[in-house]
Each structure stands twice: as C-alpha cells, then as structure tokens.
Amino acid sequence: MDGYYAFMLVATAFVLMMTVPALALFYGGMSRSKSVLNMMMMSFIAAAIVGILYVAVGWSMGFGGEGTFFANPFELFWLDGVTTDNYIYVMFQMTFAIITAALISGAVADRLKFSAWVVFLPLWAIIVYFPMAHMVFGCTDDSLICGRIGAQDYAGGTAVHINAGVAALVLVVLLGKRIGWPKDQMRPHNLTLTMLGAGMLWLGWYGFNVGSIVFGTTFDEDPDAFLAQFYSETGRTFANTTLATFAAILGWLLIERLLHGKATSLGAASGIVAGLVAITPAAGAVDIGGAVAIGAIAGAVCAWAVSLKYRLGYDDSLDVVGVHLVGGIIGTILIGLFSTSSGAGGIDGLFYGGGLGSLGDQTLGVLVAVAYSGILTAVIALAIKYTIGLRLDEEDEVNGIDLAEHGETAYDLHSGSSGGGSSLLAASTSTSSEGVKA
Amino acid sequence: MDGYYAFMLVATAFVLMMTVPALALFYGGMSRSKSVLNMMMMSFIAAAIVGILYVAVGWSMGFGGEGTFFANPFELFWLDGVTTDNYIYVMFQMTFAIITAALISGAVADRLKFSAWVVFLPLWAIIVYFPMAHMVFGCTDDSLICGRIGAQDYAGGTAVHINAGVAALVLVVLLGKRIGWPKDQMRPHNLTLTMLGAGMLWLGWYGFNVGSIVFGTTFDEDPDAFLAQFYSETGRTFANTTLATFAAILGWLLIERLLHGKATSLGAASGIVAGLVAITPAAGAVDIGGAVAIGAIAGAVCAWAVSLKYRLGYDDSLDVVGVHLVGGIIGTILIGLFSTSSGAGGIDGLFYGGGLGSLGDQTLGVLVAVAYSGILTAVIALAIKYTIGLRLDEEDEVNGIDLAEHGETAYDLHSGSSGGGSSLLAASTSTSSEGVKA
Amino acid sequence: MDGYYAFMLVATAFVLMMTVPALALFYGGMSRSKSVLNMMMMSFIAAAIVGILYVAVGWSMGFGGEGTFFANPFELFWLDGVTTDNYIYVMFQMTFAIITAALISGAVADRLKFSAWVVFLPLWAIIVYFPMAHMVFGCTDDSLICGRIGAQDYAGGTAVHINAGVAALVLVVLLGKRIGWPKDQMRPHNLTLTMLGAGMLWLGWYGFNVGSIVFGTTFDEDPDAFLAQFYSETGRTFANTTLATFAAILGWLLIERLLHGKATSLGAASGIVAGLVAITPAAGAVDIGGAVAIGAIAGAVCAWAVSLKYRLGYDDSLDVVGVHLVGGIIGTILIGLFSTSSGAGGIDGLFYGGGLGSLGDQTLGVLVAVAYSGILTAVIALAIKYTIGLRLDEEDEVNGIDLAEHGETAYDLHSGSSGGGSSLLAASTSTSSEGVKA
Amino acid sequence: MKLVTAVIKPHKWEDVREALETFGVAGMTVSEVSGYGRQKGHTEVYRGAEYDIALVPKIRIEIVTDDADADDVVGIIVKTAQTGRIGDGKVWVSPVDTVVRVRTGEQDASAL
Amino acid sequence: MKLVTAVIKPHKWEDVREALETFGVAGMTVSEVSGYGRQKGHTEVYRGAEYDIALVPKIRIEIVTDDADADDVVGIIVKTAQTGRIGDGKVWVSPVDTVVRVRTGEQDASAL
Amino acid sequence: MKLVTAVIKPHKWEDVREALETFGVAGMTVSEVSGYGRQKGHTEVYRGAEYDIALVPKIRIEIVTDDADADDVVGIIVKTAQTGRIGDGKVWVSPVDTVVRVRTGEQDASAL
C-alpha cells in the first residue's frame, strides 16, 4: 500500500496548494487591483489559522468517535494518541477545512475588515466546518448526513461547497454591498491570474477527489481487495473529475455565448471550477456518462446563476454562491439520478433503475447542510457585526482595502511607454519622504 | 505495482496541467496584452473538446487494435469494455492529444477566429492526431511508425512535436501574416508569465516523459522484472529529461549571445522548451551524455531557427515551428546517432557502433510524420478557410482579438502613479454607462 | 518500495520546481519592474550550470566516499559506475545544490553583472556547496558536520539555508549598495508573483523535507521496517513542515502588526518561507509541538531581522540573510531544545530531558557552516571582483539591469485606460525603427 | 477659443463628465496624473521599510471651448468636483488661437 | 512661440511622427490619454455583467514651435491623422511666451 | 497667471520637486510621458527580433504660478534638471487667464 500512501503524500500537498496559492490567485485576479492583496491574504491566513486549529480539535471533532453532529473535541486533542503513520490522513482532512473556509472569502471582497475575517475563521471552523466534516466525512452510523441520512458525498459537495456557499451568502447579506455596486465597474483586474488559479485548482482537485477514496478493507486484511479497489476506484474518480470539468467548460461557454454573445476566458475559468465543484460529491458514484452530464449541467446552470445576484441584489462579489452553492447542490442532487451501483456507493440512482430513494437522501443531505451552515454562520457573523464590526471604513474602501488593511499596493509597474522601466514617479516619491524608515 | 500506478495518477495530472495552465501561460505571456486571453482560451478549449473526443473515439482509434494508420474507432467507443482500473492509462494518453492540439495555437496568435479554432480542433484530433498516436504509441506490428518502420519515439517527438509543428506551419501559411508583421513591434507583453509557464511545463514534462514507460512484462507475470525496469528506466528518463533541458538552456543562451549580444530571459524559457521537446523522443534511448548532446544541439539550433520566419516570411507568431518542429526533428533524428543498446529500445545508434540502420528508421519516421500531418492539416484548414473562414476581421485584429472574440481585456491595473490603486478612469467609465446590465 | 520510489520521482520534480519557477517568481515579484527578468534569470541559469556540474562531480564529491570536507570528485565522475536505478537519488540531491545557489541571488538584485553570476555559480558550487553537502548529507563517520560533530540537519538548515545566507551576506558586502539605497523607494513591483512563488515553494518543500528521509535499512533487508519507517517518518516530517509554516505566518504577521501596525501580504509570504527554512533541519527531529514553536519563533524573529540591514547598512536586497541565514540558524539551533528521541535522530533535546549535548552539537554545526561558507565565498567573490568585476555599470543600473544585461523589459501592458489594449506608443515605437531586424 | 484644464479627484470624474455633458460639452480629453500639494499622500510598508508616497492620483481633464462658455464650464467643474476637503484640485483657463477637427478640418466653434 | 497640442488615434501616431520629422520637427512630447466624444467606446462582459466603456484610447502630442511653423505643423497633423471616421481627434494651437532647453538654457527658437 | 510646463528626465524629478518646494511652490501636477527628440532610445531583443524603441520616458510637470514667479520657477527647473547630457528636456511658459481652487472657489493668486 506504499503506492497509495505515496499518492496521499502528494494529494495532501496538492490540496493545500489549492488554497495557497491557487484559490488566492483565482480570486485575486477577479478582484480589483486595489484589493487583490487582501483577497489573497484571506486565503493565506485561513490556512494558518484553520490549519493549526484542525490539528488541535478539528480532527478529534470529525474523526474522534461517535456523534450526530460532531465527536468529542478532546478525544484526540492535538493529535494525542494519533500515531505519526496516520498523520497524513489528518493533514489531508485538514486541507479540506482550510479551503472550505478560504472559499468564503470570495464573496466579501473589498469591504470586510481583516480583523473580522481573522475572528470569523476560528469560530466558523469550530462551530460550522468541523461538525459538518463529521456529519459527512467522519462517517459513523450516527453521523447525520453520511450515517443517518445516508447521503452520498464523495469529496465534499455538502461539507465543502454547499457549506462555503451558504456561509458566503449569509455573510454578504449581513455585510452589505460594496460602495457603488452594482452601478460602478468592478471588473477583474488580472484575468491571467484567474486562469492560472483555475488551472492550479484543477491540478489540486485530483488530490482532492482521487485522494478521498475510502477503503472497504485494510491492506493488511486483504491486500488484493485493497489494491483492486485502489486501481478501479481511483481510475473512476480521476476520469469523472476530468470529464465533468471538460463538459462544464463547454456548458458555461455555450450559455454565455447564448446569453451575452461571447464565450469569455473568465467563463472558461469559471466553468472549470463549476465542473469540479459539481463532480466533487459524485466523483465515485457515477460513470463517465454521468460525469459528463453533471459537468455540463453544472457549467450551464452556474453560468446563468452568477447573474442572480444582480436581480436579487446581494453583492456576492466573486460568485461563491453562484458557483459553489449552486454547483454543490447540482452535483449532490444529481447523484440521485446518475448514481450507479457499479460505483463506490453501490447505489443506483433514478436513471439507473434505483428509484427515488437516493434522490430523496441526497436532497435531504443538501437541506441539512444548508440549514446547519446557514443558521450557525448567521449567528457567528451577527456576533462579530455587533462587537468588533464586519465592515471596513467607507473612505478606506474607496481608497482600497490593500492600502487600508495591509499598507501595501500590489503593483508598481509603470506605463508601457516607460522604456527601460525606470521607476519614474513611483521611485521618486519615496525620496520625497525622509526615505525609508526602518 | 501500486507505486507505479500512484506515479501515473500524478503524471497524468501533471500532463493535463501542462496545457492548463502551463502552455496557456507560456504562450499568453508572449502574446500582446490585447490578445493574451484568446491565446490562453485556445489551450483551455482544446482541453475540453479534444479531451471528450478522446474518450469517445481517440482511445479506440489509438489502442483499439491493429491498423497501419489507426484502429477501429468503435471497438472501444466511449471506453466501452475498458475497465476503470485501466482508465488512468486512457487519461494519460488523452492529455497527450490535448497538449498536441494546444501547441498549434501559438502559431496563429492575434488573428484566427475563435470559431475556426473550435471547428479545427475536433477535425484535427480525429483526422490527424488520433491516427498519429496509433502509428507511434498504439504500437502494433502494423502500426506505421512504431511497427512497420520501427522508429524509436519514447514520448512523442513525432506524434506530438513534429505533428504540432507541421500543423502550425501549414495553418499560418493558409492564414497569412498579422497586420503589420513583421514591421510593427509584437513583443511579449508579460515575460514573467512566459517564464512561469516554462517552469510549469518543465515540471509537467516529468509526467510526460517518465510516465511514458512501457513495460516488457506485466507485474503479475514477473514482479521483479517489472519493478527493476520501473526503477532503472524511470531513473534514466528522469535524468535525461533534466540534463537535456539544462544543456538546451545553455545552448540557446550561447547562440543568442553570439548572434545578438545578449542572453535573454525569453531565451532561457525557450531553451527549456526546446530541450524538453528534443529529449521527448530520446528520453529512453540515450545515456546522460547523449541527453546533454541532444539538448545542447536542440537549444542552439532552435535559437537560430526562430529567426527563419523573418527570412522566409511566414508569421509563426510564437515559434511553434522554430521550437517544436525543429526541436522535434532534431531529437528524433539524433536518436539515430546517440541511441544506446543499454537504453529502453535496446538499439545502438551510429555513435554507439550501431551503424546507420537506426538513423534511417528515425529519418523515415520523421518524414512520415511530416507528410501525414502536413497533408491532412492542409485539407482541414482549407476546408475551414473556404467555409466559415479562418481569419478575423481586420478592425477587430487591430483593436485586439480579446475584445472582439471574448468581449474582455486581460488587465485593469492603472498606472504606477495611482497610489492606492483607486480605479480612476477604468472605474468611472463603467458608470458612464447605465452601469452594469445583467 | 516502489511507492517510496514513486514519491521520490515526484519529490525530485517538486524540488527542481522550487527553483524554476517558484523561487524565481518569489524573488522576481520583490524586484523592481526594471530588474525582474534578471532576477528570474539568475535562478534559471543556476539550474542549468549547477545541475550539469552536479552530475559531473557534485554527486561524487558528496557521496563518493570518505572525507572530512568532501569525497573524491572523480570516484563517480559523470555518474560513472552509478546504475540508472539510483539516478533519482542523484537528481534529488542535485536539486538541492541548484536551489542553494539560486537562493543567494536575492541578495544581489539590480546590480550584479550577469557574467559575474555565471562565473560565480560553478566556482561556488564546487568549492562551497558540494563539500558542504558532503559534510551534512553525504554522511560518513568522518564527514565534518554530520559525522564528526554529529549535528542533526534533516534537510539542510546548515548546508542549504545557512550556507546560502552567509554567501549572500559576504557577496553584498563586497558588491556594495544599490544606487539610492536605502533612500530611494525599492518596493516589490508585483506582490502577486511573490505570493504565487511562496505558494509554489511551499508545495515543493514537501518534496524537499519529506523526500529527505534516510532509511535505517534497505527494503530488501527488511521490508516491514523499511515501510514502517516510511509511513511514520514521512507523516512526521509532512506534519511538522506544515505546522511550522502555519505558525511562522502567524508569528511574522503578529510582529509586523506590533512594529508597523499592519499585517502585510508580503509578510505572510515571507513568513511561509521563514517557517519552511526553520523547519528544514528539524522536520524529522521534533514533534508537532516543537514544530509549531520553531515556526512561530522563526516567523517572529525573521520579521524583525529583515530590518537589520537598514541599521547595519548592508543592502541584502531581498533579505536572504534576514530569512535564510537567520531562519536557518534558528531552526538548526532549536533542535537542541526541541529534539525528541521519538524522532528520526533519536536524540532528546534540552526541553525533552536530553541535556545540553545536542544544543552544543547543533551550535557547533552552525559555526562550522558559517565559517566554511563565509571564508570560501569571500575568496571566490574577491577573485571575481578583481578580475572580471562584480558590479554593473552605474548608468545601466539606473536604467535597469534587464535592459542592460538581457536587452529586454518584462512588461508591455499599456495603461488601464487604453480600452482594447491597443498597443499605443509601445507598438508605434518599433515602427519608428526600421522595424524588426532578424 | 479657450482651453479649460481641470485637475480633480478621481472619484469625482464621472459626476463632472455627466454635468458637462448635460451642459453641452461634446467632448474632452482625460488622463491619469499625479498631484502634489497640500493633500498629503500615504504610507506603505514592505518588510518593515516604510515608504511615504507624496503624490496622490488625480484626473486631468482638458476641454477646448468657445470663449463664451469657458466660465460656465469652469463653474460647473468647480461645483461638481467640490468635496470641500483638501485636494479637490484646480481648474485653469488659457487662451487658444485655434482648434481643428482632424476628421473634417473644420475650425474653431465648428470643430467642437 | 506656439504650442500645438494634438489628440489623435493611436494607430496614426507613427505616421504623424514620420510626417513631422520629415517636415523638420526635431522633438515632441507624447502621452497616452483617454478620449471622450462622439466616437463611442465598447462593451465588455464579465460573468454576465456588461460594462460600457465610454472612453477610447488616444495619443496626445505636444509640440512647441515657432509661430511661423505652427500652421504647417497643424496642417501636417490633420492631413496625416485623418481617417475620415469619427474619433480622428482634435488639434489646437495656443500661445507660448518662451521655451527653454534644459541642457543648455538656450531660449525659444534655438531651444527647439 | 502663467503655466510653466516642464518635461524632464525621470530621475531628476525629485530634485526639481524639492527645489521648487524650497522656493515656495505649493503644488504641481505631474505625469509620465514619452519623449521624442535628439536623445535616442534603446534596442530590445526578443527571440532574435530586434526592436528599436525611439521614445524615452520623461516626467511632465505643470505649475500654475503668478506672472512674477514664472521666470524664477523656470530658472529653478532648468538649474536643477540639468545634467548637460542630451535629453534633459524643455520648459515652456504660457499665459493663463485664471485659475480656481476647486475646494474653495478662490481665484488666481489665492488659488495657489
């Protein structure tokens, strides 16, 4: 099994890379040049805070034993009693907690106080994510979504994407719109970063989905069965992850072409993420036909869903709701239609002669996730709003959160005409100070 | 063999990453800021279209059985009859089809209609690449290049690089020069992207070359032989891939220094790709001495070859011909000189006392690849030219293909002097509209 | 063991990627837009030159046998006598040589002649790095740091970071300050590149640290012991590497917040590197508690140390001293306090009841590394200074080293207000020449 | 003819443009500039090094008008761009001998 | 002395520069600006949000000349930059009291 | 009132700003421009293609002053920006009818 183990080492590094730097770049490129650093910082700090917290209590709450909502946080506190040859599984799950929290940041661009984010992260991780991870991944008979309801979620359609998407929606409703939204132009400042980020997310997602395999037996008990499952199931999840993403790119671009007359690069990058989000819960349950269907539907629907915010008037700045909530729901529900008994869950969905049972379980799983995340995120956000406050000062928002919260600006490039790139004004200005003070 | 399998999971993800985002960045950085998004889009859409098509008929045409040019497309249609534990090998080959098609895009920068590219991709994949993959990779006794001719091509000097290079040349000849070429300045708009892309391509190339190992026995038949080959052959291909690239960087920079007085960063990035291209067919056949020689020669020759287009007057915008066609030919032919019987092919080249036999086979293989790809690409391109047309409207080309075809511009950065990066004109303009319409 | 082997294939590719492009981006983003290409080139060329040299004599000097300072360079010259199934271990060590040399480049930004760098690299590799690698990694009873002193250094706190940091310090002292430093503003020109680079470095570092496992037995001798160590030790090193980095981010941002009132994105990126540097030597020796402590201390101390150059007046442009020398020393010394006998070295540090012995050994190891690298780097740098010279011509430095040494400028972006990104002045200028000459 | 040159705060540009349009100004030329004056800049920090940025971003508007309209144009700009806070900018009027519309070669009044 | 200020379409800049050089203009100062006028901008789409960009990129040329040459310079610019399509730009002439060459301190005619 | 426009070498901007500040100039407007003239540009090489860049980066400074101060301001700029090497730039003075401070509406002298 050292082959599987070796893969997990890489997979875990990949999923951590999805947050730092992939997601940070994907979101950062869509931000404005005056807030790109803050956007990236929200991902970086999420890794540090949620990561350490996960080792402290996250693993224990998720995988420390029985519990409908969560297990005893102190059972395996600070990995007490966990042998180092199991650390990699802890690290792998930790990276899921990190990216889920980081995903939320896309919704609150330009206006959330950094201090509020720093306080939100640990609270949300402990109160919302860690329990959700137990309900879905730390699967015991009594864990709510996986055990009691028995909904299939291979790699986190509910725990990760729906969870983050709902939290994002709640947060922006309480946070309010950006000054000038939607009247002012708030276009992506650097689409090459966004496309780079999308590509890196895609790479990392193979760690995310393929690494989420759960074995029916230990290697020691039955090496052959273990390896057979490793080969056949990872082949399936790898192919499904890939094909769904292809289909989602086409789905998104097609709708965009129909609705707005142009197939855009941002659309392609967004389609990639939408497809990956939707296939996340279904990667093990469906065959490649189902994967293509799910991807195409997710791409098309999300391409339309990202415009909802203008109709409904919530400023989900980088479309966490339109892509992760909508995409997550699509993927989780469609399992009810496309799940095949030849898959990891061994359950047939409606289109595979399995009746409505699976569809019901999946729907229920979605509802639970939405309710749990929605209610508790609201509580946390309100608590912060009425204590230290969520919102950045108006003038700081106009001048740019990078400058206000981090004392930095992302670029010092000088115009194309500046030949040798000599520093021009930028350089001289500093001298106009008493120079560098350190 | 789960170690080998685990490596293939990573290798396949790596090779997909070579197209999205690595190649897109490498090419995008060399484009002008008004066409970078279109350049990146050509890679992204290639992945989606060629990828799905590969699963439909590509695998079957390549590996579905006998055939001089290709196997029965319907034998394994939509992977029918392929067990999921073999999916990863399908996915791995698929990523080769994707990047080969994407490589072509570098030649047609700024002026190829996006619709033409979208039509070109499936036709070219089915008519040109899938057969070529059978002739080279889907090696049966009667497959033309690998079987009948018996030319060595470890990872695709013919099927990938010569193939893409020839297609690029044919396409630009039919497409014509960009407006203002070569008089106007068409310099790379962002070399940091190009260097990033080169670095990511290099990383992915380890999946590309090292993952291309073909075993002489199955693990079940003879585990020891299987593993022994795994260790010794991957060690060789990894080292050769690395050393050839080092040598190519030095070769390119040296020639550049001699011809133009300066060793440039674009030269270093280009040398990396030239070296990787040239060692691709030879990775298994030569020893580290041969790898250094091939790399150095490829780097030096390509550094000179990229100027040919100015003499011959074809606008191969990002030098797909100068790097991939020339580099691919160099690597494939030089196997005839540097191949060693201790290598994967067990054939001695001229310099290793093997006489001219190998050199002849390699040369023949190159000629077949050039002829097959050249003729059929021409047919496809002409068909498109005289139906929907290949060329973008003049004014759109001048204003930028990003805007014309995708309704986007890549950057909204504001000048270096804009302090807090407040959106200035860019932001205000939108308000000058009725704001956002969604 | 093919699982371990498969991991080494990936790990080696990862560590090479740390230099090209990760470090190049991390440093490049911190440079000014007129010198980013030269900064990136210094990493690219380091890979090519040091890489080939390592295969020639590096491996032999490091691992070719006995020796206090180095082994016989010709014992395994050009890998003579090394079987290809051992190549990957050669390649892995080679990537360490490459990045160590490349790390130095951050200190000499904007002003070191490219020719001087090209001459410095081979001399420094042979005279300083290869021996240092023998003293630390090519561990024989008589190799100085690892053997005689018996200092613990898991992945290169001494050989890599202290070594590069000291070399950087020596070099900048001999090279002198940049024109205008510290009075003029020399701010990072593109922090998104720096954050991307930091993220990619982090990913690669898992190859760097986790891949540095040294087995107590061969697989053939004792498979179970081999695999047991693989699982338990890589779990430890992976977790330690991760947690130390999290802690360092928080440590750096906290100090920054206290000293300057703001937690910056550059601080987060720098904290990542500081944490990774400090845990490099300690990854195998400490438990997760120790890892967090080392990371937090390193992040906090380095955040303060990067200001030393302003007080002491040496222009360590991108803080190679403040991050790598200081971080390397912290990590290496703290092993003396936090080392646990349950770890890879089996040694208890002061806080684990092991007394002062370990602390003494670690300190001695640091002193030897500082002395060896300092003295010999000075000799090399002086030799170059008084022959071909180290320093770029004044006017060239003002106009930008990219233009002077490489005849390039990194960007041609045009101001945000230029709508379709039409080339404006940049484009027209070239026509003002006799157009392109090729 | 007159040339009215205005240097204003970036976020006011849009309002100014609308006001001028309403008044009947058919066109103008705009550029991003940096201002130096009473309004102070800001401080940035990179690895502990603090930089004072003295310049502040401004928008520069150039409008060629009839002598008759010049004062109104100035008035409109001052009214619309005014926030009352330091750094609102300046507007100055200078004489223009003649203006030509490139497309047609029309001169002066008819060129606007 | 006179100051000729021209706002033209970017892709015409090079022809104008050449024409002026031929005429004998020894130097000029150029900048990238944004124009607002009859010529309409374009629309961009990001995730379904459509933005109308009203400003169009222009090149602004400043040339200080002798009173004698001013009209010729204007004429050359108008002739060369003309495409006949909306948005060709404007050229205006304004009086200059004096011009100095920084390098030498030379004044007026001899400063050019 | 007068408008002093100076086009200088970028690295001289800071000295000029300081000299003007010392003299008592309270504000100015600055922009990055490209200069064309005797000073030649440079050559860049990309994959063997050599590009001659004719334009050189310059800083453009605009200062509205009292008639009285105009000559001194010009003098200071010329003195400070001078390197004696080709490309030092130009300074020209042109008449201004009136200048207004947007914040207060103050006019002319009191607007500066």
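Per-chain numbering from 1; labels A, B, C, D, E and F assigned in written order.
Note that in this section a contact is a pair of C-beta atoms (placed from the backbone, for glycine too) under 8 Å apart; a residue touches a chain by one contact, two chains touch by 3 or more.
Computed from a predicted structure; not experimentally measured.
A.B. asks: Count how many hops through touching chains it takes, at the least, to reach chain E starting from chain A.
C.D. replies: 1
A.B. asks: Out of A-D, C-F or C-D, find the interface that copies A-E, where copy means more than half of the contact pairs are identical.
C.D. replies: Same contacts by residue number as A-E, out of A-D, C-F or C-D: C-D.
A.B. asks: Just how far, in Å, is the C-alpha centre of chain C from the one of chain A?
C.D. replies: That gives a centre separation of 31 Å.
A.B. asks: How far is the middle of chain A from the middle of chain F, if each middle is the mean of its Cα atoms, in Å?
C.D. replies: 51
A.B. asks: Indicate the whole-number Å distance between the mean C-alpha point of chain B and the mean C-alpha point of chain E.
C.D. replies: 45
A.B. asks: Which residues does chain F have that touch at least 2 chains other than itself?
C.D. replies: In chain F, the residues touching two or more other chains are 11, 17, 30-34, 41-42, 44-46, 48-51, 53, 55, 94-95.
A.B. asks: Check each residue of chain B and list the ones that touch at least two other chains.
C.D. replies: As it turns out, chain B has residues touching two or more other chains at 1-4, 6-7, 10, 14, 182, 185, 187-188, 190, 196, 260-262, 264, 266, 307, 310, 398-399, 402-403, 407-417, 419-420, 422-432, 436, 438.
A.B. asks: Any idea which chain A residues touch chain E in the complex?
C.D. replies: Within the complex, chain A contacts chain E at residues 182, 185, 187-188, 256, 259-262, 264, 266-267, 270, 303-304, 306-307, 310, 319, 322, 415-417.
A.B. asks: If we count contacts the way the header does, which residues on chain F are in touch with chain D in the complex?
C.D. replies: Per the touch definition, chain F meets chain D at residues 1, 3, 17, 26-31, 62, 64, 94-103, 105, 111.
A.B. asks: Which positions of chain D touch chain A when the two form their complex?
C.D. replies: It is residues 11, 34, 41-46, 48-55 of chain D that touch chain A.
A.B. asks: Okay, in this complex, where on chain B does chain C touch?
C.D. replies: Chain B reaches chain C through residues 1-4, 6-7, 10, 14, 32-34, 180, 182-185, 187-192, 195-196, 198-200, 202-203, 206, 210, 227-228, 230-236, 238-239, 242-243, 245-247, 249-250, 253, 260-266, 268-269, 272, 288-289, 292, 307, 310-311, 398-400, 402-403, 409-415, 424-426, 429.
A.B. asks: Which residues of chain C touch chain F in the complex?
C.D. replies: Contacts found on chain C: 398-399, 403, 407-409, 425, 429-430, 432-434, 436-438.
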